[in-house]
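Mind looking over this structure? Questions follow.
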């Protein structure tokens, strides 16, 4: 395991007691405001010294209260994008960005400053001081500063909350690439199911200072029992697919075990495996194969389970060539269409509703 | 007009030059990071004294540089939820919340503290000091503090960015109610198209310190020319409808000019008019009326325009009983289905994809 | 004990406490005001005011005492006016010792408070203003509580300095046992006679004990205040 | 000009400048260290150290001078050790005046710096630590730049106090023209002879001019530093 | 060679001149440190590099002698002084100093300015003189004790105190006061400025300057400053 965390800490009024293990990749801490996410990240960074617990990263013991061991933060080489920017007010943006590089081992692998500056759109801000930056600009500098310190592990506490969708869409793929190219493990705090689907290898659901559930992200996100934790609207399954071909009209054909899927162009070489989030509310069911509709992706499937909610909705779990899909439909449709487990039917997905934000490398 | 803003300010390296008028309701400033949103809000609050310009709220001149007039912030009675919480560190949460009440006119109308505290989930935090709060908790206190100061106008700079979806879904309807019940005008900064669709009466699109476009939100959001500004995925039309009936299975039937629509239960009395955002990527087109599908809402429509994008997508504008709808489909479907202006066909909307977050009172 | 400490020394201790207390209490509000003006104000005479405040630090205390005598003495312009208008006499009175101590301590107090004022985040004051607080109310409800540790430090510095002030005091109000003979004057007197060292040492110890007590109290108060503000 | 200012006075001005400069420069690093210890440290002798630092403020200067003489005089324990081990003599040398001025100014400097340290947001220091900076590097790259205004204030206070220090200096190193006669001692000497007032006044004016110059310089530097830090 | 003299502050005007003249005549340099006698004595005992000490009172010279730092045969009383009563302003009426002197009446609510009566020699002499006439008890509450004689004199010159008791030598050059009476020399212990060579003095220049202090040229300068030259 890349990261083993086991912590207990009493804030007086709030008790933290979590335990989880995270393999390589991106581990997302997901939970409501005040559930203890930042506290966990602080403990990994060494800023919070827990009452009891043990934290290991890549085989190195960072904290072990039983042995009275607590590696100081500066020896951990853990980059941390704090929830608030925490820029150094006396340094320019360029100096803030370069701060960590100064202390990093010369020969450590790391991202190139120029690349990061361009990615984060900081070129014209380099000479400024933090006071003269907007909220989102500050946060971007903080992200760059942490990445450029050549960390062994990256902690990101809601790093994109202050950013607009366009900028977020630029940064997310880069974080994926960090994960893949540099093999940089990331512990990521997020409120956003989209970010979770896109980035998370492992998901740790935190509730009231405890781990509600931890495990592979794809599995947890397709678990109807956890739907309320994500928020119903955020629910969706994640399926595996492989890039088959880039076609002339800008679509990319993927092959999943259930058949071919067309999605907007994906910037990955044919043969690449990827993960595709299919939000439950984007799936339409049809009894017969629909003809003459604008939805390009129509796959045969079999109902495995139906779970009626308290409201007007129902969750339909489908086996689609061995992968699990979730569809959120009205109970009226369940009745009207006579849906029942074991029934064969078709799922209909629009090519464009599977937006690039919902895909990530695997 | 409730709010008339006309500003020019040179930050040296960034020039602000905006002009817009906002009627009652919620005016959303939408724009990318660093585009000048916070600066505009600061000028309305009286914190930024612009080089040139005039700001009027409800007929009162707040700033008029031509006449050397600049009402100090404390006389403006403008509540401001800053982009960062700015809580008073020496006061408890309860004292922070009560701060503005102290200075507000005794007889001014305002929200009840108990109500706000419950809404924001602050009951158990009242005795704490800000240092012992999580990021989201701080932001919630800041929201409560501004609302409880009984302002005449509320400024909110990305107030929900640090909050989880569930909490956001609790607060958004409340903000709508503030707008309606107290008639409190709100100037709201947001990155989120969902928030815009939900709240905005008026939308002001800011780009590089200038107003790109300002006007009624419904109109701007259905404008294909503005699609890149919102991000393609955020595009969607807003149509008007009336609550017709609440049905037994938890659905609410709406009547729009194009016909009946079923959506998840809406907490509004029959007869109420509302605005419904229909994201372009949620609309599926069909040549014949589809049968045996889980989508409940199937309406006849006629294509009014097709706009092909640079990528694989195309935007189809539809006349649906007099209201404009947008559909985002692949160019492949346009070819395959032989779509062309003037053609009659059907649009298919899932009841549940029109989530409550996309609806707002009108 | 009577043998240990001559009665006049006890009087001096008591007088010094009284003088230091009043010098601290009376100068503090003015010090806060001046510190605010210097930290935040943008007015023409700012540099001058700053210089004036620092004079007692720069000048040998005797000179300060002498200048006080010239201004506040019976025949001095301010002194005679105070006497005629309010019946207040400072020269040769313990009240004069208060003035001397306050003047000597003033630069220290102002500096301490000013540093605190400059450390207050103006964003919090802006927030208070948008919540309807006038400048005065912002000061009372936000700025003042936040600079409290600095004011406290200023007060301790003032008290400590007042306990030790000698040169300006003796020059301005002389050394009248029971009226203006402060602890330092008494110590000085003992040091000036052969063999007076021991008596002087006792007084020095008393002086140290008092000031360290005040210091400890201030440290403790400071920690309480800081914890409330949420400082580390 | 020679008539305007007696030659010994010019010497005194020059000596005072030298003494104040060195007292400031030499005591500053120690003051920063002590301020850090007092602001951040949690060790047993903290209260004691705090008391010790404040002693020169609390005690009448003459007493401080006397204690210095006892400790650092030729026959004093520290003085004789310094003399034997390093050949350093402080008593009755200008170096001793530096020591006296530094000691007298020390509490002011430490207090100013300590206030600044306490105003530094520990969150920034945490951020620096996560970026790989050791405690020393955090101090050098984050804490020190942020407390620079406070250090500057401390330095000016030290310099100003050193320019005005009289009691401890004359007691410790006497009043030897050209060697230990600082500006305040010279002023004192002129004040103690008939008809010396005028010469004293001239020296006072010089003293004021120098200190105000230093003050203005510091204010200006402070503003530059503050602007860099992004303070209001 | 350098001659380092530690001398009581009140001697400054005269000694500066004598030192300068000596320097011109011999080529030696005379450096004089002026401070209160008590400070100087303490410093000499603590090892100050002084060659000659001129004290304003016998008791501090005694302290130095007790420490074995005085070359005994060189000690002598160099100067004397008289104690006078001064009043504010020029041309104040003379008074008769004696048992019948109505000091409180003359003070009329004001203060009698003196040097510190228990520690500074001038104050000690003044207190003794007042006691000898039985005046001390009555006037004590009205006595303002200045740090030194000069300050006591200044208080009178400024009119802060109507009367003061100072040395005749101090009163000479102060235009703001008039001497209204002189205390009889037997009303107080003899006022003497003892001088002595210190054991640390090595060279001939020191002895030469000590000698020069009692030569006629020096006598004249001292006398002009209001001192009584002792022979």
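The letters A, B, C, D and E name the chains in turn, as written, and every chain counts its residues from 1.
Everything below uses one rule, namely that contacts are C-beta pairs under 8 Å (C-beta built on N, C-alpha and C of every residue); 3 or more make two chains touch, one makes a residue touch a chain.
Computed from a predicted structure; not experimentally measured.
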item	value
Neighbouring chains common to chain C and chain E, by label	D
Label of the chain whose CA centroid is most distant from the centroid of chain C	A
Chain pair with the greatest number of C-beta contact pairs	A-B
Chain at maximum distance from chain B, centres defined as averaged CA atoms	E
Chain centre separation in whole Å, for chain B relative to chain A (CA means)	26
Chain B and chain C, separation of their C-alpha mean positions in angstrom	57
Chain B and chain E: spacing of chain centres that average the CA atoms, whole Å	90
Multi-partner residues of chain D (each touching 2 or more other chains)	66, 188, 191
Junction residues of chain A - those touching two or more other chains	132
Those chain pairs that satisfy the touch definition	A-B, A-D, B-C, C-D, C-E, D-E
Residues of chain B defined as touching chain A within the complex	11, 13, 31-34, 37-38, 83-84, 124, 128, 132-137, 140, 157-158, 161-167, 169, 191-193, 231, 233-234, 249-251, 262, 264-265, 281-282, 284-288, 290-296, 311-313, 327-333, 337, 348, 350-353, 355, 357
Interfacial residue positions of chain E with respect to chain D in the complex	4, 6, 9-10, 12-13, 31-35, 39-40, 42-43, 46-49, 148, 150, 170, 172-174, 225
In the complex with chain C, residue positions of chain D that touch it	40, 47, 50-51, 54-55, 57-63, 66, 107-108, 111-112, 114-116, 118-119, 122, 149-150, 153, 157, 160-161, 163-167, 183-184, 187-188, 191, 200, 204, 207-208, 211-212, 215-216, 219, 226, 231-232
List of chain A residues in touch with chain D within their complex	45-47, 72-74, 76-80, 82, 86, 88-90, 99-100, 102-104, 129-132, 145-146, 149
Of all residues in chain E, those that touch chain C in their complex	36, 38, 41, 59-60, 62-63, 111, 113, 116, 118-120, 143-147, 151, 154-155, 158-160
